[in-house]
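One chain, chain A, links the two complexes that follow: it is found with chain B in the first and with chain C in the second.
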Partner chain A sequence: MATTTTIPGTLGGTPESSTPAIRVRDLRKNYGAIQAVRGISMEVAPGEIFGLIGPDGAGKTSTFQILAGVMEATSGVADVFSRPARETRAQTGYLTQSFSLYPDLTVSENIRYIGDLRHVPADEIESRAQRYLWMFDMGRFSNRLAGKLSGGMKQKLSLVAALVPEPHVLLLDEPTTGVDPVSRREFWDALAHLASDGLTILVATPYLDEAERCHRVAFMHLGELQQIGTPSELRSSLHVKRLELRASDLSRAEKILSEESGAREIISDVQRFGDRLDLLARDPLQAEELVNREMKAAGISVSEIRLADPTLENTFVATLRNIGHEMHETPFPARHTHRELKGQIAIGAEQLTMQFGSFTAVNNLQLQVRYGEIYGLLGANGAGKTTTIKMLCGLLDPTRGKVQLAGADRAQSARSQAVRQRIGYMSQKFSLYDDLTIEENLEFFAGVYGVPEDERREKREWVLSFSGLEGKQDLITGSLPGGWKQRVAFGAAIMHEPSVLFLDEPTSGVDPLARRAFWTMINRLADEGTAVLVTTHYLEEAEQCNRLGLMVAGEFVAEGSPSGVKARQTGHLLEFVVDQPQKAADFLKLAGERWRVSLFGDRLHIISDASPEKAIAATTAQLNGIGMNVLEAREGRFSLEDVFISVVERARLQGKVASDDA
Partner chain B sequence: MRRILAQTRKELTQIVRDYRTLSLALLLPIFLLLLLGSAISLTVDDLPIVVQDLDNSSASHDYIDAFRASVTLHVVPWPVDLKPEDALTSNQARGALIIPVYFGRDIARGSVAQVQLLVDGSDSNTARLIAGYSSQITQAYNAASGGVVRAQPVQTAMRFWYNPGRSSKKFYGPGIFVLGLSMFPPLLASLAMAKEGEQKTILQVYVSSISAHEFLLGKILAFMLVALGEAVLMCVLLFTYFGLNLAGDPTPFLIATVLYAFCVASFGVMVGAAIPSQAAALQAVALGGFLLVFLLSGLIYPISNIPAGLRWLSNFIWGRYYIEIVRDALLQGGGWPATWYKVLEIAATGAIFYALAWRTMRRMQVKA
Partner chain C sequence: MKKFLHRLFNHRVRALVQKEFRQIRRDRRLAISLILPPTLQLLLFGFALSATVSNIRLGVVDDSGTPESRELVANLTESKSFQFAGSYLSVDKLGAAISRGDLDAGVVIPYDYARDLYRGNPSTVQFLLNAMNANTAAIAQGYAQGVIQSYNQGLAAGGIHASFRQIAAADVSRRGIVSLHPAYLFNPGLVASWFIVTGVFGLLLILNGSIVASAAMVKERERGTIEQLLMSPAGTYEIILAKIAPLFVLLFLMTLFAVVVMETAFHVPIQGNLLLLLAASGLCILCGISIGTVIATFSKSAEQAQLTSFFVNPPLSTLSGAFYPVEGMPHILQSLTAFNPVYHFVVISRASLLKGSGFGVLWPHFAALFAFTAVLVVLSVWRFRKQLS
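What follows is the complex of A and B.
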């Protein structure tokens, strides 16, 4: 049975209204013998953004399909505005996990079609489409084929198409998978705006930084809801503090502290990032003492211990742990080590340039990644990340410049057999053959990458256990949910223990727990001397890298360690709590530069170049001027995402544009 | 109604957008008609036969000249020292005529002269033709050289109606026209339908509360228009290049064409709905639309030639009735009395396809 821990106070905390927009009572869905949804109950109030979070296979998509009225429930109630979901389809907008509009129709044709199907008057379709396209800054793309839009644009188009019939409820199933940070923030700004106009939004997301922007969040696991509450309630329900530890030898520090940690110990959790460790502890003072003692004993110098609040991600992992769902770690059967290579240059690029006709995709890029290093390549869609990776691993010949890969320069051809044996590549799109079974896929890749015959069995078994698919090796790969496929693909890419590893958005669509297992594995490989080059849209994840390069329009605009990049950020991040957050955000966006303002749940983030005191005073005066009250204002700390967005926007102001706008 | 039209417009936009689809829809039927319409021909001429003249007399030369005069056969000289069967095995000739020594002498004596004709029987149709023509030529030679002439009590005067020149173009043209209509519109319809399932766009359709009837009719209407467009283009070709004309009342043909367009579009949509994979749907339509219509509809071989065990199948082949209607309209001109029940058969088949498609789609929900 579902044991839902409703945190006290949440019921009263929901937005005011007597009839819920969405009411789910003891909902169940079985596929044959498999129980996908096992009796969930929840209510979503009108105008609320309600987040559904859970690992892959938790039953989120089934719940969405039932609420959208496109699938029948096995039993239970799924009402939208007090009527069965199936009957209220006309009031529901549904964004599916993958893009479900027509790639061979233009933006406006897609909108027209959806509008017609829903009996929206023709002139209304026209005017609403214009309004929403303008709102999402897509007006100039109305005649572009949907298939030619970038991932972020596609999702925005889906949203526009869903909004044109003016639904009362929006169901969004992982809407931002594969969408770059800038578009993601715009997307969420738009959602906040719509919710303040009274639209009810139910959204599933694997990214917990997005969950922070929901009014309430529910954790779903194995078809049951585990916890419902506002993000801050969930965070405080853990009763722990987070310690950020910066030290000289993170790898060893992690090992030592992991041995000390446990559910009953002082330190309950240790997680490694690119240049720090995150520790969770009930009593921070005791924990700090313990850390200092242990580090001293091991001869590791501690440069900083900083106290912070736990993140939703911490909460999520802890919750899953409490119910006994832990990523059991099967140690990787490493047979080869690249430790002796550490410190040497694994990937090098000088003046790397790629031109497609008159368009310069990559311009004069310098890059060095050493063995044992994790390098993150960040950038919006169309910034040139994938082109860069393709040139680095020899799939594409650069127009100009030199590439050095795994000890061979381009003259020797990075495509040679010997070099290929040493690199691993996991691409964004292609990874596995959908029509083969998992076992057959693994066997195939073990064969192509030349995994020695006697190691194949243990490697295959490791991939299965890493993916949590033991005993399911005979499933057809195409039938797996996206997140699981990613895990198998990742496993397949490292079976031959490459010394250089390219990962192109490896974790898109993967749940937090699995993502953590990915990064544990990536760190372990790096410790063994593997050079890792990774691209990601998720900046929380970029914190895991040792060094970062931020790309805009084919060039690096910032490079360095995560803390370094953040420290070099000019300007200040200000956090405001006001009584009418959405109105305030709209007003400030119009008054100043759009990108400087964004709304996180009930808090406003403003990036200002002036000194914090001055900026707070100025903004407060501005808001008071239109009759709004500022309840709280303080300087906050930049997240990597804030840095990314301001860097990209500043570059854009200087005339550098992404290829999307071309 | 508005949703049906919206659906139709969307389908047509998609077809027009992709030039490959568009050419598949419009150019390939024309190409098929030109190619098959002119290439298929069961009247043969210039069949090579070798002649080995062991007698080499004036009588044998006369006899060989009679063969030379034939349009159907083409005489290839063959040296006496080579085995005539080599000409057959090396495919230089389809038959071999061997004239023994004393051929001239036997004729002069008035006794019966024997000649030998070896025919390559591997292609039975051609073999029958060679045998037939050879005995006709021999009969004519006998008559001319004053052999025994019997009185002929019955004489047939043959006239070929409807297609006096016995042009095979006029016979096959209408058949290929039907084949084109049976193949391309359902192919496109099934691909479009399967694509909705494959690309998951069907979810947006499900969530929009459009009914299964509206959705199916919208799609079918679009591909009916494609079929009718093809029909018009191919008709232009039939009336010009193939030299056909309407014979008699055209209304059964016009009505049957609209119904047939509905029938094939429904067939495609039905297949696409049942098999949500483009590759598999394509195979199914290729089997149903092409193979069955090609083999079992009387397009090339008369239905009476189909072995009795399989002949009943042709009653279920929708193309068969339409071929008969088209041939009637363009050649025989029998009008309604000759075709009314065939028009009904087409309508009924279309209705069955539609009902099956609706059965698959009726819930407009994800199957689970």
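What follows is the complex of A and C.
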């Protein structure tokens, strides 16, 4: 199991070079008895974007710290341009998950400070800062305090600051955690630019759509590299095809297909992604036949079965399942049900408005969430989601408007203990006490929410098992990686079986497998009558919401079911596969409206208002004109992310701006 | 009562209190700061500050030349604070000796001293102090006042006014400029270290209380966990109660510890009712915690809280009478001390420990301390609630 299966083949289109930018040989790192990194070996070529993916606690951050020269390896080689990582610290830019700049300095002061530290001449700092700020579309914020930037902006600023000393190697440890889809896409566009200029980039990410944009990807698990290869090599390594199944009752369909003994032999894996099931099968025709048969027998109507290549996320999940790392499926020890409340209004808001001074954070919001419903609140950083949640659950008094919560209007005291008792809340960060052990945190939440004594033990055990932390309950919570803390916090928030659940970015920084376990649990709670209000930056999972509200600048610009929102999207989505996707994207962005073009892994998505045939012909001609080959072109289906980005960009063009951009 | 306590310490409060204790246990610095600094401060201030008070060289001009005047000099020098360093014939010669640095202080007993005492009239004794060492001068002054006060207590009527005058060593000719002010002292105690230690005791309770409380309060906010806490069914009062209770227990243990240190290291007598003193300590601790809470509500981080406490703590300690006799301060500042809870506690602690005064005598100070505690607790709860919304 320890063997690394390096897939033979080219280096994913990277330039052949004699000296690798990063060379790692048999690298090990132990923390006491814990082996975090167990002898990994890899090489990263200059100008390559190399992705490190793996579940939480795989040893990614340790690897980064060693390569950044801030931590000593236990044994093995970690060279950057043929010299030990410690000696090349000055040529390495390192971005951690947490913001490490000074919030009380302005953007340009921060950049100057970093530049001065690295002895960059003053005029060079100035010109580089200007160049990179422009590249990241941040030029107009140079006098803003860093602490007043949104999450996405802070990450971009960190990147600019890391780039000013002109490093040869960039190490990015989950740089886009908590960053909205628009900013994330801009961030990756910038990385692609930098790599094409020769910068070597090693990046860890829990978002596998981002990993698709890497030249090569290494898959890390339990301190070992399981697979290295280009995204397409990894995808084809499964030797399966993927079937996208859209049907009326996905939960039941999933259950049938993954439990039916006959199905297991033909369909190797069933995974739920938002509004569809992904089925992996060696023989797609046989699988399709089986699905149709089974669904008919169960009385589930199938709206679409579509054949496609497996995604990296399929690969990731399937690989983890193959090596026995399954999220534990201990059933939640539910003692109460809220089914009888189903259909009643759990959260209601009328003309909800919040003003901070002259700035309107939330404007005239109308909202209703019923028991048993999952409502997704989407929006870019700074769109007003968190302010809305705080008003809905009574942490903030709205400037205007009415709130109704869990059967009590605010006049009646939504803050009363009886109401609070029925509410679960998981804030964006800091849900747990870092200086307590996991067990102590759970005891605290069980106590403060009055979980009955006789239920506490099984509830605590369930959280530990859900988090994959059995036997580790005495660890200090602060020492856990972010993804694990999120799992414990999620568990802690539902121990008392609330009838209304607020989740503010619950899955940020959580690996794909755990993310799915979260959603399985959320769906289950909703089935039992719990009203769930959730925000997320991961739009694939937003597809699992019953209804969505898309916020821009404190207002809803779209609301409805995921399919409804997508159906109302005007224009057509065109999918292109070209031989040089990054170059093609850059070219098309310059040629037309920037927001209409985006890169999804190796695919180009173009949103066009013209008819699909015309648009495909026109774009193909455009690309051929500059000597690029279009390998495949077809009309695609809008993903929520496409909708999100186009809605946000259109609103921006109309002059509606998020707080960041004011 | 039992039912009330049961409601007060319900399952939520129990969970909250347990959480606080666990956090405190993990926070080694907090635990250490409750034991080490109090001990050090008591020992340091007790030994260091009181050492300068002994062996003050005292010159005497005795114009009276009576048994009464000799008795006064004997009273001054019988403790080790003043040391008899010679008799002088005139005030000028005494002044010159002080200016040269031969003496630290001088006392001038007037010609009609014994007659005034005999007739029951007030008499004025003049003290000359070397202004070069302002600290010693201040302590000597307070000390002389103390001696005269206790001397006065033995008299049927009349009594002695002490008048003080500081002489700058470098410039004898300017000595007339220095103001004179007579004063009466309440009770500085007869062993100097007892005076200091009993005073520092009060400061410890309030200052440590406020520092520890502001740190604990601001932590929740700094880390952002306060939101999660507010969303829980726990009420504001429960949250505050749970925050205060563990700190109160710990600070109270610190109080007992400080009493032990005073007793073993300085042999401070415990004349009065210890329970009375502990009751006052409890009020004082609550004052400190409330001050810390209020500070924390104005601060976003531990650093800010610390900086804010720089505005609060120095006036509290200098205007407390812990180090210097309040009577040695300018009048306008003296009246301010009435608004300082530390001052009231220091009075209680000294009177109770050293003189054995009971509640019958000390009740005005208890009343004041209680009033401060009540106001500060209400203020801190109000501020805490306010910052939440």
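Everything below uses one rule, namely that the second predicted complex is superposed on the first by the 600 of 662 C-alpha atoms of A that agree within 3 Å, B and C clash if a C-alpha of one lies under 4 Å from a C-alpha of the other, contacts with A are read in each partner's own complex, and residues count from 1 in each chain.
FYI, a residue touches a chain if its C-beta (ideal position, glycine included) is under 8 Å from a C-beta of that chain, and two chains touch if they have at least 3 such contacts.
Remember, predicted model here, so these are calculated numbers, not experimental data.
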| item | value |
| --- | --- |
| Fit-or-clash call for chain B and chain C when the two complexes are aligned on chain A | clash |
| Which of chain B and chain C A:Arg89 touches, first, second, both or neither | first |
| Contacts of A:Cys393 with chain B and chain C, given as first, second, both or neither | second |
| Contacts of A:Leu367 with chain B and chain C, given as first, second, both or neither | neither |
| Partner chain in contact with A:Phe444 - chain B first, chain C second, else both or neither | second |
| First (chain B), second (chain C), both or neither touched by A:Glu109 | first |
| Partner chain(s) touched by A:Arg420 [first = chain B, second = chain C, both, neither] | second |
| Which superposed partner A:Ile305 touches (first chain B, second chain C, both, neither) | neither |
| Segment of chain C that clashes with chain B, given the candidates 5-13, 149-157 or 239-247 | 149-157 |
| Footprint overlap on chain A, where chain B in one structure and chain C in the other make contact | none |
| Residues of chain B defined as touching chain A within the complex | 2-3, 5-7, 9-10, 13-14, 17-18, 199-201, 203-210, 364-366, 368 |
| Chain C-facing residues of chain A, complex | 390, 393, 395-397, 417-418, 420-421, 423, 425, 427, 429-436, 440, 443-450, 476, 502 |
| Contact footprint of chain B on chain A as seen in their complex | 29, 31, 65, 68-72, 89-90, 92-94, 96, 98, 100-105, 109, 112-114, 116-119, 145, 161 |
| Residues of chain C touching chain A in the complex | 11-12, 14-16, 18-19, 22-23, 26-27, 223-225, 227-235, 389 |
